[in-house]
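The chains carry the letters A, B, C and D, assigned in the order they are written, with residues numbered from 1 in each.
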Amino acid sequence: MSAILEIKNLMLFYENAVAINNINITVNEGKIVGIFGSNSAGKSSLMLCISGIILDVRKKEVMKGGERITVTGEIKFRGENVLSVEPSERAKKGIILCPERRLIFPESSALENLRIGGYLASKAQAKKTLEYVFTLFPELEKLKRRAGGFLSGGEQQMLAIGRALMAQPKLLLLDEPLLGLAPSIEIRLARAIKIINKETGITIVVSEQYARPILPIVDYAYVLENGGLVAEGTGSELLENPDVKEAYFGM
Amino acid sequence: MAGEERRKERLDRGIKARTDGLYAIQSWREVGYLVAPRAGLIIGLLILPLVLPGLYWQRVFALAGVYALLALSFDFLAERVGLVCIGGAFVIGVGGYIAGGLNYYFKLSPALTIPIATFGGALICTLLWLPCLPLRGIYFAVVTFMFPFLTQSIILAGGLLGSTEGLSPVAGFPNIWVGIYLIMVIVLLSIFGLRRLCGEDIGIVFAGVKDNDQAVLASGINITRVKVYALFIATAMGCFGGAFIAHFSGFAGLSLFAVDFSIMPIAACIMGGPGTMAGPVLGAFILAPLSELLRGLGQLRVVLYCAVLVGFILFKPEGLLNWAARKYHQFEHWVKV
Amino acid sequence: MDIFIYGIVNGMTFALMAVGFSFVYGISRLPNFAHGALYVVTGFIAWTFINSAGLPYWLSIILSLIIVSLAGVAIYQFVMIRVRGMPISEIIVSFAIALAILEGLRLQGIGGFKGFIGPGYVLPRFIDGVVDTPWVTIDLQRLLIIAVGLLIMGFMWLFTHYHKMGLGLRAMAQHERAALMLGINSDRMANIALGIGSALAGLAAIAIMPLGNINCESGYSVLTNAIAVCVIGGLGSWGGTILAALTLGLATTIMSAIGGTMWNNVLVFGLIIFILIVRPSGLFGQQKKLEERV
Amino acid sequence: MEEEKEPIIKVRNISKTFGGVKALNNVSFDLIEGEVMGVIGPNGSGKTTLVNLITGFVKPDSGEVFFRDVKLTGLPPYKIADLGVARTFQIVRPYLSLKTYKNLIVPLWSPRARRFAGSRGGDRDAVAIDLLEEVGFERDAYVPYKLASVLPLGYLKRLELARCLALRPEVIICDEVFSGLSMSEIASMVPLVENLRIKGASIIMVEHRLRELFRVADKVIMLDFGEKIAEGEPEEVMQDPRVKRAYLGEEIEL
């Protein structure tokens, strides 16, 4: 099957420090790809580059006279290099990022969060996806009226994923969805991600630090260390690799 | 691969071994390298009044000193403590009226009224602004901006302090040199005093309040009390400026509440270089003479300040001083990726 | 009894002044000090169209509204866009723009532009004539203000809660980067927000200015009143804005009947500070409770 | 516990609702002096609200909290911290613009730290460096001089702990100190908590990672949807069926 996303020698500099060092990643259509790595391995920076938010970060840094951010290399989305395309344009093309720490809208109600997610979708699409989200996460339907700020960690994460789905993604980027959640919710969300991929065929890239609950649902995975790729392979291949197993899977 | 991609890289010039603030000096040349900019500032400020032609420019110079004090106090509050206070005119007014009032009604000499006005005025301003301290961002700015208009209308409505025509004559300084050098010394003292203060532990607490006040709260420190200290220091400098103007111009009237005193210091601070103490002073000594040249245009002066302000915030947010310091310490060259 | 009626009318004038500012700051979190300035600018432009250019009343109003909303868009596109992230700079820049416009208009005959000082310049009324109700005689213009006020409020409520643009604005206000991730182009949104906000300021000017003359002081007082209404009513809640406007209107009418108009400003001020200390997020705002929760 | 030790923190049926949500419902428990008590529970069970209530960041709707028969409810956060009840934040709150050791100057400047400083009060920088070593910064010497904004999460969590220690607290409340850390970072944090205990501080630990918590905690209480549904020794609480269902979902992981 064709590769929906190809990243060729991507480099990212914060002033003189290298955040991402010559990364090459390919993601095939309809697959779930995992990106594992410890805290400052560059996972979030990579997600920011793919989604284009890094351009917004750079714009703000330039205005503040802060550090100089430089991004070089190539990010091909369905054959088109989107390295310098505005984040909101990339979202129109179907690259939707579900950010680290969820960043849901605290003052809007859960329903309004979802309707904001459907900003790009047509009325029919929005209606259909909304029903799908409520079947996927029944709790959200009960919490419709409640303001986003009052939801618990797990509920906010479900809302964030639901909101991302409402934007009709073709490539869904999940940045550390299971951060700081209780074990039971980790399992529940991992299963939900698998269901989304199976039922809607959306390609999903999940970045996670503590990889154990995500590993079973991933088709292919990359391991990042200090901005560089140190290992890649299918879930089972990575399990054999001894040092990767200890560092990321906490066996 | 697309054409050879190049990146601008900043490398240190001059002293090699240097971490922010701590300089490993190996030779006299480097000592000179470091001292030169600071000495230049001090000597420059002290010599300039002697060089200035004619009485008119010396008065302009003294006024610039007052603006420098105001710019310094705005920079200290905004960049170090996180309080955007656009009420320069109010502080000047309070200081000026106290000094003028004491002198006019009780015939106290400037040597007495200025200290009283400085600390008394600072006390009054801090107490009046105390209830506004918990306000956030734009609300604090708006409230402080409106205070001068408020007191102006109270004075006019109540007919207090010789309402419209103000109080005059107010005793001046023995001679002009005393006035000029008084303000110069105070400005210099303030620059190095504030810089020293911000290095001290209390300065770190100020930075903490600006950075993340919840964390300061959790460390057992009463934030409002810390903000009161900062406000007292800043308003003391402002009130001194007001008292100085009252005595220097021999008149304490509603002109003390002019909008210039609110907007000019901010323009000077942004132009000179927010965050550094010397930057706003530099800005004030550039803008004040410039605005005197445009005295004839009346209100256009305010428009000028606003234009300078907007221009610098948009195109050179770090300000002249930071830009010059950076050029002085570093040089940039293109490097291949 | 007529104090009550005048209080309501005064309340609606406050509401009209505040709706533009509340839309820009309340919904989209863009501090727009220049609101008062745009209000005054509309007055001048409309006056020049009617008197100097001799255009018919309708045409000049529409033209001046268009010009003002373009000015609002220009303010964002060329100035505010560069200081988006930094709160301190944002406040200073919009404050500087407001001052530049207001002080600029005070000039006496500089170059071709004739300054408008003095009472002679009055905008013609939208409708002349008076209707006397059983209690008090009210001129039609004031009734018009109430009608326009309610109309705008209703339109704004629908717009922000149901129209896609309204959702985009609410998203951009709460978390600009999260909105960007969902395909909402925040800069275009902000342009639209400022454009509409400025047009509302203009509309307020067209309706309210005929009651008095065109002067610069009204720029500052409109700004203070608008901020007072937003602060007391709570950010982003239309119900709060109307209620706050009415209470302020009543309070100032009673105040001016007793103490004299001089003390109005002091009263408006006292209310702002009092409300902010007692309920920092205003009567209907939720920010405080949310802050506690997070 | 030979003789009955005096409870240092008494929480008496506190409850709090946020916008129609019952965050805490009539919760009571005691923390005995010198004891480490774990607070566990799924997301949204009110753990962080409990911490905010004890430390005064949030006012309860009803109920009271006592610290050695001093009523804490109603006091502002800085007064409670001044009494000796210090807390870390679930989402770390360092002063990003300051260097790491300068971050500790703020708590060392507080009235409480000054009372305890005594002779060495003058040189706060030295005290700050010692505190950093106490929480395990000593391995690489140049870290204290780096800006807080470049520190990885593991170090920032330790900085939070150091911020509490600067006040020489009698009670430390850790709000999910282990969450978001890698395995190796957690392994190195556990001894820190242990030697805090040895030094006699009483600790309330709100946590998800049960395995590490049970190695440290003497007593555990379990919150679910704002109510206390279990209390006792760690092993005892784990057997309680309600805890298993509410907390671990279907499969039992432990």
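Basically, a contact is a pair of C-beta atoms (placed from the backbone, for glycine too) under 8 Å apart; a residue touches a chain by one contact, two chains touch by 3 or more.
Since the model is a prediction, treat every value here as computed from it, not as a measurement.
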Most distant chain from chain D, judged by the mean position of its C-alpha atoms: C
Chain pair with more C-beta contacts, A-D versus A-C: A-C
Whole-Å gap between the CA centroids of chain A and chain C: 41
Chain C and chain D: spacing of chain centres that average the CA atoms, whole Å: 48
Centre-of-Cα separation between chain C and chain B, whole angstrom: 32
Touching two or more other chains - residues of chain C: 82-83, 286, 293
In chain A, residues with contacts to at least two other chains: 63-64, 147, 150
Residues of chain B whose C-beta touches two or more other chains: 317
Complex contacts: residues of chain B adjacent to chain C: 78-79, 82, 84, 86, 131-132, 134-139, 141-143, 145-146, 149-150, 153-154, 156-157, 259, 263, 266-267, 270, 297-300, 302-303, 305-307, 309-310, 313-314, 317
Partner chain A, residues of chain D touching it in the complex: 18-21, 42-45, 90-91, 152-154, 176, 179-184, 208, 247-251, 253
Touch list for chain D against partner chain B, complex: 55, 57, 76-79, 81-82, 86-87, 89, 93-98, 102-103, 105-113, 124, 145, 163, 166-167
Chain C-touching residues of chain A, taken from the complex the two chains share: 51, 53, 56, 60, 63-64, 86-88, 91-92, 96-99, 103-108, 112, 115-117, 119-120, 147, 149-150, 163-164, 167
Parts of chain B lying in touch with chain D, wherever the complex brings them together: 19, 201-202, 204-205, 207-208, 210-212, 214-223
